[in-house]
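Common to both upcoming complexes is chain A, partnered first by chain B, then by chain C.
For the complex of A and B:
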């Protein structure tokens, strides 16, 4: 492999990391605050894809603008689902069986709703941006992937800012660290959890919109991303947003470059192996390792 | 207590009655994916089967000699959701609880493979109109039949087509070919067919790269980089619809070019053309059937299908399913009985002389799989496509090499 091929692969891996980070962050927020593994995450990715698709095909709204519209719409959907369903699950510091079953059931309902509305055909968003690329020397940058990467970075940066510079962000972080202490300090746990769930679903919907710019989708869409989202949040540390970015980058780099030595038919095995390795060697993820180093220092 | 006992007995008897065989109809199990990854082809195949059933019933049903009358066909349908375990389970359910006379099912090789273990176990004929891997039919099963020719032959025909372009001077000889194959028997056999043709016809092309990829992939950039690195002139992949769309998008985005491109049996699919637009132009596909075949029965089927389903037949999907049901009906009539072994034996000798498939005569080979020729179809601009091979069925000229823009 020459240096140009290597650089092209590196660019592909970094841009893929952006996609992975975008789709994982919503799951991390929900887990961090509510200690719930959102198995319905894939369903909201799918709904987000169709939301942006409908805006584009019916009203000619640019998909990128559609992604921005998806944030408030899916926030409201998420907050509504929390109020209707999630708040009824008994609170726990660990994911519980009722929460897993409830959200898995919700995923199935969303899938079937998708089939009811959009049928079983493959849908896709085709814009002049879809195939456009630009080159810096011999390195090729697909515009869509760059846009998705930029949107993912902007989302993560916005979230980091909100979590560290706003009262509400501090409330979320307090709940992520210790919900009882947060309650004593005056945090309205139920309201904060509802908003956090809404934000998590908003990120899932927006990520679905971003993915729709790159992939074709059916109501089954999102399932293959769900496993990767698990790997990323375990790698990154279950409650860390910076960890999500690092986890996404590690997974994308390993998946992309391992193909050079392992046939690509084994790509899913790479994700599974990483998940197992992370659980055994780094149970608190990269973020845990970082915290440990800080404590030792 | 007594009331409870009576109620349980009543429910049990009622349950048995529901699954029991009716003397006044022929129950045919249909197991297809209507949801999940294979939903669209599964839907088209179901529509093909249902059209055949409708036409059979409209003509009074199937004559069963031992009953002394025509019996209507009753479809027992199950959606396997593109899930292998579910697919096998539903075929088992149809063959046992529903006591069907035969099952038509298994779109895609993976689902067909899962289903194919049931027919001999329950001695019930099973016809697959969607699983093409010869591997399924090489295990010595006697109740399995298939209306698609093997994917090995698809690969071989692809080689033949490329060779014909070289003979015609459209492509130079001794070109390098890169293969990207889905990690299933379908993909493996497709690759074997191409390699076989290449070895039997030295000097035409050589395979310089061959690698398998996982179904439902989200990123093919690494694989495509390896294809690029192989410096091949021709890129041949064997992929399902979603992988075809994802891979072709990434192929274009990575600025690659090959003189000829194929994704196996995918190419003219409407969803792909919507998703990829002009990027699908000049991609060629080896198909088991095309609505452009110049047979009168194909034209009639096209019109009937549109009236029945409300849309055009997409790609090859509905035709082998339609013929599977018609072959089954013919076998039942020839058997003169609803005895499953008799129907199995009749299927072995069935000759559907007005078949929609290339060659117009459908008969099952020794293994239970048909051995019909393929047609090569090439996408053209403005959503058009032509049969470009074999010459006697061609509706247009093959464009080779593929224009760069």
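For the complex of A and C:
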């Protein structure tokens, strides 16, 4: 492999990592605050894809604008689902059997509502952007991936800002670090959890829209990305935002470069192998490694 | 014999625990002799396979509280292992034993890295494993890849033979489940489910116990897949490793009553009967209904059908004043 191919793959991997991070960050927030694994994440990724698709085909709304619309819409959906379902299950500092099963059931419902509404055919969002590329020197940038990367990074920066500069952001981080201490300090746990769930779902919907700009999709669309999101947040240590970025980059690099040696049919097996590997070698994720070093120092 | 309300309840449950299963087994064993049509026997056969898988899932998910979303892996690998062994000329019982062994071995692959850790890792890994295995089996040339794998039948097709194999396996599964429930292993599993720290303070080894329960459950699920493969004589990766198989195996014990001996059996029978009707009329719709059902059960009656029956009993008792000693 010459250096140009290598650089092209590297660029592709970094661009992919952006949307992977956006897709996983919602899961991290929800896990961090509520300590539940949002198995319905895949369903919301799929709904986000169809949301952007419908806006584009019916009202000719640019997919990028559609993704921006997806944030408030999915935030409200998430907050509603929290109120309707999630708040009714017992709270715990570990994922409980009811929470896993409830969200799994929700995923089944969403996925099959998708089948009911859109059928099982492939849909795709094709804009003039989709197939255009531009070159800097020998390196080729697909325009749509660059746009998606930009949108993903912008949304993550917005989240970072909200978490550090707003009262609710601080409340969310407080609950992620220590929910009892947060409660004592006057954080309204139920309200904060609702907002956190809403933000998590908002990111799932928006990330689904971003993914839909790059790939074709069916109602089963979210499933393969669900596993990827798991791998990323496990690599990142489940509750760390910086860890999500690192995890997304690792997965994107492994997936992109593994094409050279492993047949593409085995791609889903790669995510799983990486997950098992991460559990054996880095059970606390990359963030755990960092903490360990800090402790040693 | 002294009769009080608690005592009569105990004797009823003792009867349920010993005599009723044997009577049920006897009745089922006699069914083919009465001469029902092949379709009835097929339905019974499938229900028995589901019962085995459902009881298997419950050993890990119900007793130990470890939710697995990927039991299709064991079901499917058991089906493949049986098919390959049968084609290699082994007899049916040995093939099933091999399938169970394969299931137990593969269960370690998921259990060893994930049970060591606290948190949701096991459940997460099981979501990935069935997808990964399905993909590998779809691409694997030795077993025919995506076109599936056929068993070459040596004798004439004997439906009763398959029925009795499924009945024997289901009876074994229920017996194992009953034994676990009343053994030290069962107590250890339940204590892990309720409070892992307390369990481990009392001398339970959570890691080893969970691994053992997972291996037992996987072996039974694999044998169930094997019995099914022997009947259908054809194994297809998208069939036996399908997402809906994992959903079914998880849903049945929850419908019936998770963490009990008879709940998974009831759930499997209900599921088996409803599935036949549903899948014919709503090919996509059935998973939607199952998802909704799962949500409703978790929110309103986590005890499933058995929980409902218990509530009904309590309601009737309160109404008629029987046993109302307060």
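Just so we're on the same page, the second predicted complex is superposed on the first by the 291 of 297 C-alpha atoms of A that agree within 3 Å, B and C clash if a C-alpha of one lies under 4 Å from a C-alpha of the other, contacts with A are read in each partner's own complex, and residues count from 1 in each chain.
Operating definition for what follows: a residue touches a chain if its C-beta (ideal position, glycine included) is under 8 Å from a C-beta of that chain, and two chains touch if they have at least 3 such contacts.
Just so it is clear, the model here is predicted, and its values are computed rather than measured.
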Clash-or-fit label for the pair chain B, chain C on chain A: clash
Touching partner for A:116 - first (chain B), second (chain C), both, neither: second
Partner chain(s) touched by A:105 [first = chain B, second = chain C, both, neither]: second
First (chain B), second (chain C), both or neither touched by A:224: both
Which superposed partner A:272 touches (first chain B, second chain C, both, neither): second
Touched partner set for A:41, first chain B, second chain C, both or neither: neither
Chain B versus chain C as contact partner of A:140, first or second or both or neither: first
Partner chain in contact with A:260 - chain B first, chain C second, else both or neither: first
First, second, both or neither for A:89, with chain B first and chain C second: second
Offending stretch of chain C which, after superposing on A, collides with chain B (from 111-119, 165-173 or 237-245): 237-245
Those residues of chain A which chain B touches in one complex and chain C touches in the other: 111, 115, 120, 224, 263, 265-268
Interfacial residue positions of chain A with respect to chain C in the complex: 31, 37, 39, 85, 88-89, 94-95, 97-98, 100-102, 104-113, 115-116, 120, 223-224, 226-227, 230-231, 234, 238, 263, 265-269, 271-273, 275-276, 279-280, 283
Touching residues on chain C, where the partner in the complex is chain A: 61, 65, 67, 69, 109, 113-114, 116-121, 123-125, 127-129, 131-132, 135-136, 138-139, 243, 247, 250, 254, 258, 284-285, 287-288, 290-295, 298-299, 302
Of all residues in chain B, those that touch chain A in their complex: 34-37, 39-40, 42-43, 82, 183, 211-214, 216-223, 225-226, 228-229, 241-242, 245-246, 249-250, 252-255, 271-272, 274-277, 279
Of all residues in chain A, those that touch chain B in their complex: 1, 5, 8-9, 12-13, 16, 111, 115, 120-124, 126, 130-131, 133, 135, 140, 142, 144-145, 214-216, 218-220, 224-225, 228, 255-260, 263-268
